[in-house]
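Below: one structure, written as structure tokens.
Residue numbering begins at 1 within each chain, and the chains themselves are lettered A, B, C and D in the order written.
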Amino acid sequence: MRVGILTGGGDCPGLNAVIRAAVRKGERHYGDELVGFLDAWDGVRDRRTTPLSVESMRGMLPRGGTVLGTRRGSPFETDDGVEHVKQSMSDFGLDGLIVIGGNGSLSIACRLHAEHGIPIVGVPKTIDNDIEGTDLTFGFTTAVQIATDAIDRLHTTAESHDRVMVVEVMGRHTGWIATHAGIAGGATAVLIPEIPFDISELCERLTRRHERGRFASIVVVAEGAEPAAGTLEMEEKVYDRFGHVVLGGVATRIAHAIAEQTGFETRVVQLGHVQRGGTPTAFDRVLSTRFGVAAIDAVHAQEWGKMTVLRGENIELEDLTVAVGKTRTVDMELFDGVASHFFA
Amino acid sequence: MRVGILTGGGDCPGLNAVIRAAVRKGERHYGDELVGFLDAWDGVRDRRTTPLSVESMRGMLPRGGTVLGTRRGSPFETDDGVEHVKQSMSDFGLDGLIVIGGNGSLSIACRLHAEHGIPIVGVPKTIDNDIEGTDLTFGFTTAVQIATDAIDRLHTTAESHDRVMVVEVMGRHTGWIATHAGIAGGATAVLIPEIPFDISELCERLTRRHERGRFASIVVVAEGAEPAAGTLEMEEKVYDRFGHVVLGGVATRIAHAIAEQTGFETRVVQLGHVQRGGTPTAFDRVLSTRFGVAAIDAVHAQEWGKMTVLRGENIELEDLTVAVGKTRTVDMELFDGVASHFFA
Amino acid sequence: MRVGILTGGGDCPGLNAVIRAAVRKGERHYGDELVGFLDAWDGVRDRRTTPLSVESMRGMLPRGGTVLGTRRGSPFETDDGVEHVKQSMSDFGLDGLIVIGGNGSLSIACRLHAEHGIPIVGVPKTIDNDIEGTDLTFGFTTAVQIATDAIDRLHTTAESHDRVMVVEVMGRHTGWIATHAGIAGGATAVLIPEIPFDISELCERLTRRHERGRFASIVVVAEGAEPAAGTLEMEEKVYDRFGHVVLGGVATRIAHAIAEQTGFETRVVQLGHVQRGGTPTAFDRVLSTRFGVAAIDAVHAQEWGKMTVLRGENIELEDLTVAVGKTRTVDMELFDGVASHFFA
Amino acid sequence: MRVGILTGGGDCPGLNAVIRAAVRKGERHYGDELVGFLDAWDGVRDRRTTPLSVESMRGMLPRGGTVLGTRRGSPFETDDGVEHVKQSMSDFGLDGLIVIGGNGSLSIACRLHAEHGIPIVGVPKTIDNDIEGTDLTFGFTTAVQIATDAIDRLHTTAESHDRVMVVEVMGRHTGWIATHAGIAGGATAVLIPEIPFDISELCERLTRRHERGRFASIVVVAEGAEPAAGTLEMEEKVYDRFGHVVLGGVATRIAHAIAEQTGFETRVVQLGHVQRGGTPTAFDRVLSTRFGVAAIDAVHAQEWGKMTVLRGENIELEDLTVAVGKTRTVDMELFDGVASHFFA
């Protein structure tokens, strides 16, 4: 078979490992020819591709990012976008397409399959771990490890200076990274989008800690965390041209509020893009490899409209519709199980 | 309640995180008093204990090893061993005992509960990941990460010198670490105890690689891997007084055989104890923390004779009998899924 | 002898290693008693101390931060500050005082010795590496390593998205960290306080790179870098109550200018406090240990008013006056030697 | 100019960074053409080369090993070896040759220049740091960091099990790695080739530690350490076909002797090749880059028969004869300065 592959959405550690795995099993086991579209749907539209082979993917397993490049656009944004997808698959003689992407890309894949009959298999990808249908997504443990390493380092500064350190981690819609890194890093508090926070309650908790002689605290904040209605006036957010918050970030606002309400010396650290780049953890490399193998197997089983998922120890297939339009929020049993006893 | 804790068997990253979690939830939520027995069952016999508190466990989350010390003995080795356990629990006024340990310790715990009615909850622990009943054990992803980091480093030496590097990793009975580190590290071959290896077949594979112009290879070997009957004469193993192999190690034997049969320059690296020490991965810290919380919860639910396990995303309880006398071997779907396409 | 120790200024990886080394050689070789003042000069004023011993410093070698705590104040800020220092030394029966600190603390130490005859030995400390008189300061290679690891990670994101990543590293007055991390991380450009930058020239360089097909770039910026007069209007800086820039940071300004002038997708990462916390590199541990040994030796040689320095391979003593009031700027031979050929 | 480059001896982190730096400055600043000989002198003899360019070296800065491959042979081993070198340089039209190598390669380079007038510039390379004439060699801080990370991990196992861990690190002729990693890792004892060790003295020291309640010890041993005459009967060494010790290794012998003489549980870890592979530290990347720049500058200055060296903060040139036939042993001021107070 001839199989196309593309990577969409933000980059994520493990993308290259997925591609490599699909290519290795495809080429060696099935005798497939693999074609990579460059820069996600842009490459489909513009017919920009690169041949993929065991040879060309050599050494890519430990590499972060994606050799195919990635962009955020969609074929549904233009009138002839879907036609370009169909024509492109025909031009390159493709029997199937593997789409590795997040909520956005999987929704596109789902529609392309459901509405237009395009033979697509999806692979869920996000460092945020918020895709419905799979226990874990690759890239997540890498992001958590990087954030945890940073928190480990910040502890010593917090303790030497008796400071509150407010650490902003990724997670616009969900607090998976914040929760796991907060537990792993021994944070004093973790603020997540799932639970609007009460700044006064947080400040009281920090004050009680001080009274017990614990002068250093780490507060982990997901970038999408928000105050409970009426409890903290947020500065108006200022966005740059790419939609990123440059002013009015939640961690900075929280740090100011803590400093004002408690008088404790407070500092902010925004980990930012460091969390999504670089070599994947061993765990993510194994998960990515298994997803890549399962994806090419699914292509040969013609399991169109499905995506690879992790269930316990097994890799399975699940309908793309399961993921579309949903956001998997933090397991409250996990959060509550530790929140009251650890974050304090 | 008054609750005792001990750690048995080999040390493992995450032990301190389990203890800390049980202590934090126990002290803060239940108002428990926690007592740690030193050096596993030795401390139970000799009444050597240390008080455990939120305060005393501070800073222990990221620390490898165990603050309680560990030993390999068993109360069933002596006539009065069990009596000592009972008496010790009575002396310290304990309402329950949390035993964190591997196959050996969990078997002891199971018998103490089943045959002698001692109120015990188990927490499975092994870097080898070979305990039946749980998807994963803490310490495992740390060991795999350390082995993978080492393999990443060895690739460059293998390539610069056109060498075969034979890397021995832990795993006396199962090949979990070897399989995961082999996949994550992009190994050429992985030899595991579950599948007797054929050295000639391996050498042929390495020779074919050379013919394709791939002069560098990494062969990952679990310490318990064995040749298929009659295919490779092993040197007689020489053990030191602690039961460790000092001569006749399988990786060394394999390396010699490869050098002899192929003529390729070959080197051996035995990662050894480095794999089981030091700070746990973020993943293992979270899993350990969840196990510790679940263990103290189980004590309060009087779920005696149970152990904490991971099932998918959830922490559950399972009978200790499920683990006793069994060894969970490598998932062949995982191994075969990658073996033929990746290890080559 | 009875010897006091304090740590001043910002925290820095290796502080505990210096203290431990002075304590070990002091106690074991000289039979000294060591006393640590808490929170720098605050502890001297308030007579807050902790006894230091080989036993109490056990396990502290790899720990970041300082067990003594640190603050930024000075005894010269108050009328009776110096008197407090004298009286405190008398109260504790101290024969000498070891001051581990940066430019500020060493200046204080120098004046206390020169003007008030207080028997002081200094140990230079700064992650910024900008103290005159020593080849290197401990903490510097750790900060550079952390920044380099981050840059390594950012490369893959930059390449996957064809982005310019602007990375702000520490260095208010000098560009040592930026220069070393920029060289080690393979940056496209490095902007340092020593050389006012020309944003148009930088944008042209990035544009030429794009024309050559290099769409990803890493620009490393020291936090103290400034535009050449009249070349870039800086937003007015907004400081928080602790004197930290929260708006108008140079990296954010540069990123906006790049995006505007070139149209390239551009992102900012501010590494912040992560650079100064956590375990020191092996190099910094050795340098710190040698400085600690040399400091206690200098106390016994009554080399008051001196500080420990690294010269080539040797640890030597140098007058504190050499460091006072000066800032060691980046070696232009180093910078120019690589700037034109590497940063491009 | 047309300039050849080769890498000789064992692989070493930073080799690619040296090559990349020479190529970048050569191509961009001087307009040179660079040619790489493959597999050291073998490639010179067999005319096996690869073109080197800024483009081909892209991404190589953080990569361990050497893209040129390396071997241990010498042109002086065969009658026509030198003639091949001359002819090869003529065949490829080379105006100069950069030889990056250890004691062996630099001796070859020195003779080729001195006796045969071949225009050569040397770059000293060894993880062992034992080349005369330079303060440090690249690769050394990487090896020390890897060994220190391993020792950090072994501490927790040693403490959990009350064990003596004997760690063998690289260093056949000198104890640089052992000394630095021993200091950085907080070892109890460090045994180096420069000082024949007395096993009884070591065992007494360990026993005294036990009597003081310190049951865990780390003993760092350079692979070339030897017992003082008559103090410890070594097993006869058994070498494999590549000259590596497979039996009779010093660390194993020491561990057995410790176990016998003290009765303490003792384990051995041989770090092996892991120490020389993989990505260089930031420090080594900077040093390598500076050496590469200095080497191509030396070629253009026709400084034949010289090598690049580090002196304090500066890169300088030194006669190759300074390094030939010598081994730079551990600075006894460094060793003694810490040995009696730290190793105990």
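Observations, loosely collected:
Throughout what follows, a residue touches a chain if its C-beta (ideal position, glycine included) is under 8 Å from a C-beta of that chain, and two chains touch if they have at least 3 such contacts.
Chain-to-protein mapping (UniProt): A, B, C, D = ATP-dependent 6-phosphofructokinase.
None of the values given here were measured: they were computed from a predicted structure.
Minimum number of contact steps separating chain B from chain C: 2.
Chain centres computed from CA atoms place D at the largest separation from chain A. One simple way to say how far apart two chains are is to compare their mean CA positions; for chain A and chain C this gives 34 Å. Centre to centre, using the average C-alpha position, chain A and chain D are separated by 41 Å.
Each chain gets one centre point, the mean of its Cα atoms, and the points for chain A and chain B are 30 Å apart. Contact with two or more other chains is made by residues 152 of chain C.
By the touch rule above, chain C contacts chain A in their complex via residues 7, 10-11, 13, 15, 39, 63-66, 69-71, 146, 149-150, 152-157, 159-162, 165, 240-242, 244, 246-247, 252, 255-256, 259, 265-274, 276-278.
By the touch rule above, chain B contacts chain A in their complex via residues 21, 24-25, 28-29, 61-62, 135, 141, 144-145, 147-148, 152, 180-181, 183-186, 279, 281-283, 285-286, 289-290, 293, 311-314, 331, 333-334, 337-338, 340-342, 344.
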